[in-house]
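Chain naming follows the written order as A, B, C and D, and within any one chain the residues start at number 1.
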Amino acid sequence: MQNFEQYNSIITTGVYGSAIALILIGLYAVLIKKHLIKIVIGLSIIDAGVHLLFVAIGYIKGGTAPIFSPGNEDAVNKMVDPVPQALVLTAIVIGFAVTAVALSLVIRLYKHHNTARIDQIKSLKW
Amino acid sequence: MNSFFLILLILFAGAGLSFVLGKISSIISGTVAFLSIAAASALFFTQIEMGSFIEFSLGGIQLQWGLNSYGYLFGIIVLGLGTLASLYSISYMQNKERTSGFYFNFVLVIAGMTGIIFANDFISFFIFWEIMTWASYLIIIYSGKNVKKIGIKYMIFSAIGAYSMLTAIVMIKGQYDTFLISDAINAGAFNFIDNIYIPILLLIGFGVKAATMPLHVWAPGAYNNAPTSFTVIFSGAMSKMGVLGMGLVLGHMFTADRSGSLTNFFSGFSVIYLQQTIGWLGGITAVIATLYALIQDDAKKLLAYSSIAQLGYITVGLATGTKLGVMAALFLAVVHGIFKGALFMVVGAVERQAGTTDMTKISGLIRKMPFTFLTALISIIALAGIPPLGGFVGKWMLYEALITESNSYFLVIVIFFSSTAAFLYSYRFLFGLFLGQEEKETEQVKEAPITMIIPMLVLAILLVITGAFPGLIFSPIATAMEFIGFKDVTWNMSVLNNVWGNEMNLTYLGITIGVVFVSIFAFITLKGLKGTRYVGTKDISTSGEIPYENENLTFQINFFQPFVRAAAPMYKRSMNKIWNELGNGLEALFNFTRKIYTGNGQTYALFVVIFLVLMLLFKDTLFV
Amino acid sequence: MVISPVHYIAVPLLAAFTIPLLSKYIHKELARIVPGIVLLYSVFVSIVLMMQVSEVGVISEKIAGWSAPWGINLMFTPFSGFLASLMSVVGFLIWLYSYNFKKIEQSQSQKYHILQMMMVTGAIGIVLTGDIFNLFVFMEITAITAYSLTSFYRERDGAEAGFKYLLIGSFASVMILLAVMILYTQLGTLNMAEIAQNAHLIPTPLRATILVLFLVGFGIEAEMFPLNGWAPDAYSQSPGPIGAAFAGIVVKAGVYALIRVIFTLFDIHGAYDFLIYGGLITMIIAETAAVAQTNLKRMLAYSSIGQMGFVLIAFGIGTKTAIIGALFLMFNHAVIKSLLFMSGSYLTYNSLNKKISALAGLGKKLPIVSLLFGLGAFAIVGLPPFSGFWSKLYVLTAAADQNMLLLIMAILAVSIIEIIYYFRVVSTLYYGKQEDEEIKVQKPSINAMVSMLILGATIIVVGVYPDIITHFLNNAADMLLDKASYIQAVLTQNIN
Amino acid sequence: MKKVLVLVLLVIVGYFLTDTFNLIPFGENRIGNPQDEQTVAGYYLNNTVEKTSVANTVTAIVVNYRGFDTLGEVTVLFLATTGLGSILFRRKEDEEEIERINKPSSSLMQTGSRVLFPLIALLGIYVFIHGHLTPGGGFQGGAIIATGFLLMLISYKNFKAGHTMLNWVESLAGITFVSIGLWGLLTGGTFLENVLPAGELNNLISGGVIPIIYIAVGFKVAAELTGVLDILLNIKPKK
């Protein structure tokens, strides 16, 4: 049992930690990297981190997938929270849509300015 | 329908109609404007009972329109002058562009002022005040000259005034939970006991329109830039709206019963300071404006500065807070409306007939425009405060009030200096335009058309009458003063009781002097009409020096050179400069702050993160 | 079929999915006409529901047969209904204006009209939904359409503006998602009424974190400083009618979300102060930035941001009068700013950088458009007798009731700045002298004219007789402040 | 300088994130006992089988309980494709020959793709048809199918996704989804209500409209994602 606790704490720090790390890495890319594509990648990484966090909060120790199959109808008490999974599905699709639009904007910006560096694209200011 | 609604409806409909019809012909448009204002005046003077009012609610706010004696006094100026000025406009504006817009705004200004007079609550007061303001702004920039410089300045100062008024209004609402003027007065909103901000903010608001220092800088340009037929209203009636408001606030402030609790000492104390401050501001306004009037070569500008100076006297009178002083101020307000209206009409007539108002270019119009000259002469006498006309009565009362009732001897000196200096520019105005030799350039000039002459003469006759029978004006003033808090203002027809109890019977004095003077003027005028030798003003011997052909050697140039040299230090510092520098400084600051928007998307993202971090750092103190 | 709030959403969606087929196989014009019909239908729905809601109090509709909190529900309250109606009307007018808009015709009008319709739908969804995650979804619908429409014109720097908007907008969605997530872990529900009921159970540090994330996330959509870097660019680079849509629809939805979170979800004192200070700084910075603009649309954009700051201040004061004022401001801003963007768009039609100096002398060439622009300028600075005055009066009265003298003075000082730059434009319009060569003037089409005239007439009518809408505003303000009845209306709906 | 600032900011953000999630222990049962139906999740777990006959609770939530979200999400995808089209739209006159990939891919790639594509498509279809019974569903299935198209797009230079077909699929699927929703409204219920009989648990035909909607979603997602890929891949390279 002691072993399990230890294992669990590693999982905890691992899951939350990696998700938070993803968010921070993405944030770093968005704030520091100059290349537009890298910024878009950064945004996607942030999204990924948030989605990971979202799934993680629905987890219940020793839980199973919230799917009823013949034979486990009484597994209700062991199932993980299904709501975050449903929500994250929506969030992922939205994230995809935003990324697609972002990439298309990058393509247009590159054609228009002949550069993909964000600090050189500032014809609109003040 | 209720007469209040009817009058305003007529005016607004008249405005709309003259706008539409103005696309067809300027004369039709002007006639419609004149007819609507005349109809409104007729209704105003016949249909509305003093003290009647109506109540209704708009947007959840209780509004009340009514007519009181105080409003009636100003109604006389606004609608009387408005009717005459609109009649005058028909010919004046005849061949100008965009007249539809002019008449639209002209009638709107009249409607706004009528509304101000009707307003018994602050909200409708403010609404009509603003309508008046923006309509007059549109007229000022109507000609398309100096739009950026003068128009924007006028609007900024009007906005400063209007918004300080609005602040005061909502504060009254916040403190006394009423928008009704009478309720606010009864609750003591103006008497400095609870809140010194409310009266001060209101005074700033009204002071802008009354062109009091240091908020006067918009006035000369605006008066000058507007078409002259509107300047008649602008200077004659619109500035009186500021006087109306100041009188309301100051009257109630000074007459309030301040005996009693502990705080009253302080409030009484500050009232004295405020009184002195306003009085001195008025006095300084009068002096400075007079000095500037002296150096003007343009008759219209001269009158513009003179208007400001006169408003200074009125402010001084109101600031005395004594019966006599306030009475003097209100009397001056009415008389100033008449004579300044007449004078601007004169200038307008000259402008229309001779093409310019520059006194260095024209002179000797007396033969060409005798009626105009007659009006000018009578009005100038009133302006300069020479007996027997109204200006004298008003100033006399003002001096008396200052000396005997408020002991402001220094202020008297200042005022006296200013009104003496006013003789100089009065003289110059009369001399520059009408007397002297005729110019070749003005040979073709004819008398102004009859629709312009009639209003001028009506005003001139009114001046003579009010000079002879000041009681005609004093009796409405006496009732009006009761409305602004003065008790027992007694007034006998044309008998002036001074403080020593001496009675001055003005009637006989007035009639005698009036008859004598009028006949002398008539004599001079008629004599002037007779032919004399014709010498151009530029036929001057030059002591051996040969003047260049283009050189204008008229004596009108540098008319008051010695005097100006003496007063030179006064001209150096100008309020205008200070305001301009303030404006430039602010603009530079604004230019600096907007650099925050760098144009780099990443920076914006960084702002978001910084903001988030700040919020997170302080979240436990902010959102508990 | 009984008219119900879901018609706002279902009908446009059906139309959006059908339009590509219709335009391809039946007639090309349908792609442009159908969105108009749909938006007109939304207006009709608004009228019917507004009449119903004044009798019933709250119209609550469950989706998919599940009552709250198990399912998603739509709430048509006097408050959300007012905003939804406003959005649908403005949305329809924007369609009317952009139909036949030449510059859009040259690009892909079919896509433009679908996107514009969905922008309105998304915003209405934000306002109506009773579920916080659903709100997020609708916010993304609005955002995606907004990104695409911002970069609609190829000639301008639309892509740049769109990218900045997207970058900041993604931050917003991440923060809202995080907030929703933490909220879910604490309360196990996503229904806003239930959250409101139980919000006090959340541990304080977590509650503060959630609130901060929501405030920053929705603050981005509500153009709060310093989160509004995207806004001036997006306004100025999008097609003219879309600038109007931003002002009239998108930002309104953002403000609604912010207000919903603060007023209903977390009734925390600090949040109101946050609104006041945030709004004040936003207003001051934006209005001062507007003064020196040479680009007309950018100037309008900054002015729009400033107005939103004013709205936030008004909500932050939080009394009933203040909320009436705030809603009135939102109404005015939607109507007036739409008018300004629409008329401004014709005034600067052929000038690429939208210079204000290029407006010189257009007063004669485009008399009615110029007049309408002038009307809008007069109204937005709050001159009576136009509608802008009343909203300002209500807000100031509310501020004075709370004895906020400095706030009043700051607001009015900013108003003076507003007067300066608007009047500068108006005087250029009528009296300016043409500097460069003559720019070809584009006369507006009839439908655009009708749309602008409707807005102009609204400004005057509401200004002269504000009682037309104060009744609705009154009910709306009552509803917003009455948290308990909102909660009750949602959570008791499983009875019927 | 900026980097240092950003790093400091990141540290603070990271600190607050960890701080926050420390208060939300990982793996803890926050639903409570599902029998109590206190929380939404508990209600779903406890009632899904009985009320909808759907084995996969997530599917029941996505398509039925929160079907409105899903509709919105499908709309977001649709709008993204539309938006992409408008952002990257080219006028007819400056349309040139599309050179998508400069080098043709190897024949290994091409053959492999051709073999894999039907299988991938089949898998995708399987995933979304069984969405209500097994893990997976419309989004997952649609994404799998789009992967197949991506494979084809990158291995065949001239592969055309077939815009007409995409349009039809996209529109019809969307119309189906909304129509089913309106069906509920028309029959006197609510929007997106499950109007068909629930059927028996764990049968392919069960759950009422849920499988139909999920199939529609699957097709729609597949079409939209393929459309997005197609648009993004068809960019004319800058000369």
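Here are a few things to note about the model shown:
Following the convention adopted for this analysis, a contact is a pair of C-beta atoms (placed from the backbone, for glycine too) under 8 Å apart; a residue touches a chain by one contact, two chains touch by 3 or more.
Bear in mind the structure is a predicted one, so any value in this text is a computation, not a measurement.
Distance between Cα centroids is largest for the pairing of chain D with B. Two chain pairs, C-D and A-B, are weighed by contacting C-beta pairs, with C-D ahead. The most centrally placed chain, judged by C-alpha centroids, is C. Averaging C-alpha coordinates per chain places the centre of chain C 30 Å away from that of chain D. If you average the CA atoms of chain A and of chain B, the two centres end up 70 Å from each other.
Each chain gets one centre point, the mean of its Cα atoms, and the points for chain B and chain D are 73 Å apart. Spacing of chain B relative to chain C, judged by their CA centroids, is 43 angstrom. Annotation for chain C: residues touching 2 or more other chains are 133, 137, 140, 144, 147-148, 151, 154, 159-160, 162-164, 167, 185, 190, 205, 209, 232, 289, 292. Looking at chain D, one finds that residues 2, 6, 9, 13, 16, 24, 30-31, 40-41, 44, 66, 69, 72-73, 76, 79-80, 83-84, 87 touch two or more other chains. Shared contact sites, meaning residues of chain B that touch two or more other chains, fall at 594, 597, 601-602, 605-606, 609-610, 612, 616. Those residues of chain B that touch chain C in the shared complex are 57-60, 123, 126-127, 130-131, 133-134, 137, 141, 144, 147-148, 151-152, 155-156, 159-160, 163-164, 166-167, 170-171, 173-175, 197, 587, 589-591, 593-594, 596-597, 601-605, 607-612, 615-616, 619-620, 622-624. Every residue of chain C that touches chain B in the complex is listed here, in rising order: 160, 163-164, 167-168, 171, 175, 204-205, 207-209, 211-213, 215-216, 220, 226-227, 229-230, 232, 266, 268, 270-271, 273-274, 285, 288-289, 291-292, 324, 378, 383-385, 389-390, 393, 396-397, 399-403, 405, 408-409, 412-413, 415-417, 419-420, 423-424, 427, 430-431, 465-467, 470, 474.
Chain C makes touch with chain D in their complex at residues 1, 4, 6, 10, 13-14, 16-18, 20-21, 24, 61-66, 69-72, 107-108, 111-112, 114-115, 118, 125, 129, 131, 133-134, 137-138, 140-141, 144-145, 147-149, 151-152, 154, 159, 162, 182, 185-186, 188-191, 203, 205-206, 209.
Of all residues in chain A, only 8, 11-12, 15-17, 20, 23-24, 27-28, 31-32, 53, 56-57, 59-61, 65-70, 73, 76-77, 79, 81-83, 85-87, 89-90, 92-94, 96-98, 100-101, 103-105, 107-108, 110-111, 114 touch chain D in the complex they form.
Of all residues in chain A, only 23, 30, 36, 39, 43, 46-47, 50, 53-54, 57, 83-84, 87, 90-91, 94, 97-98, 101-102, 105-106, 108-109, 112-113, 121-124, 126 touch chain C in the complex they form.
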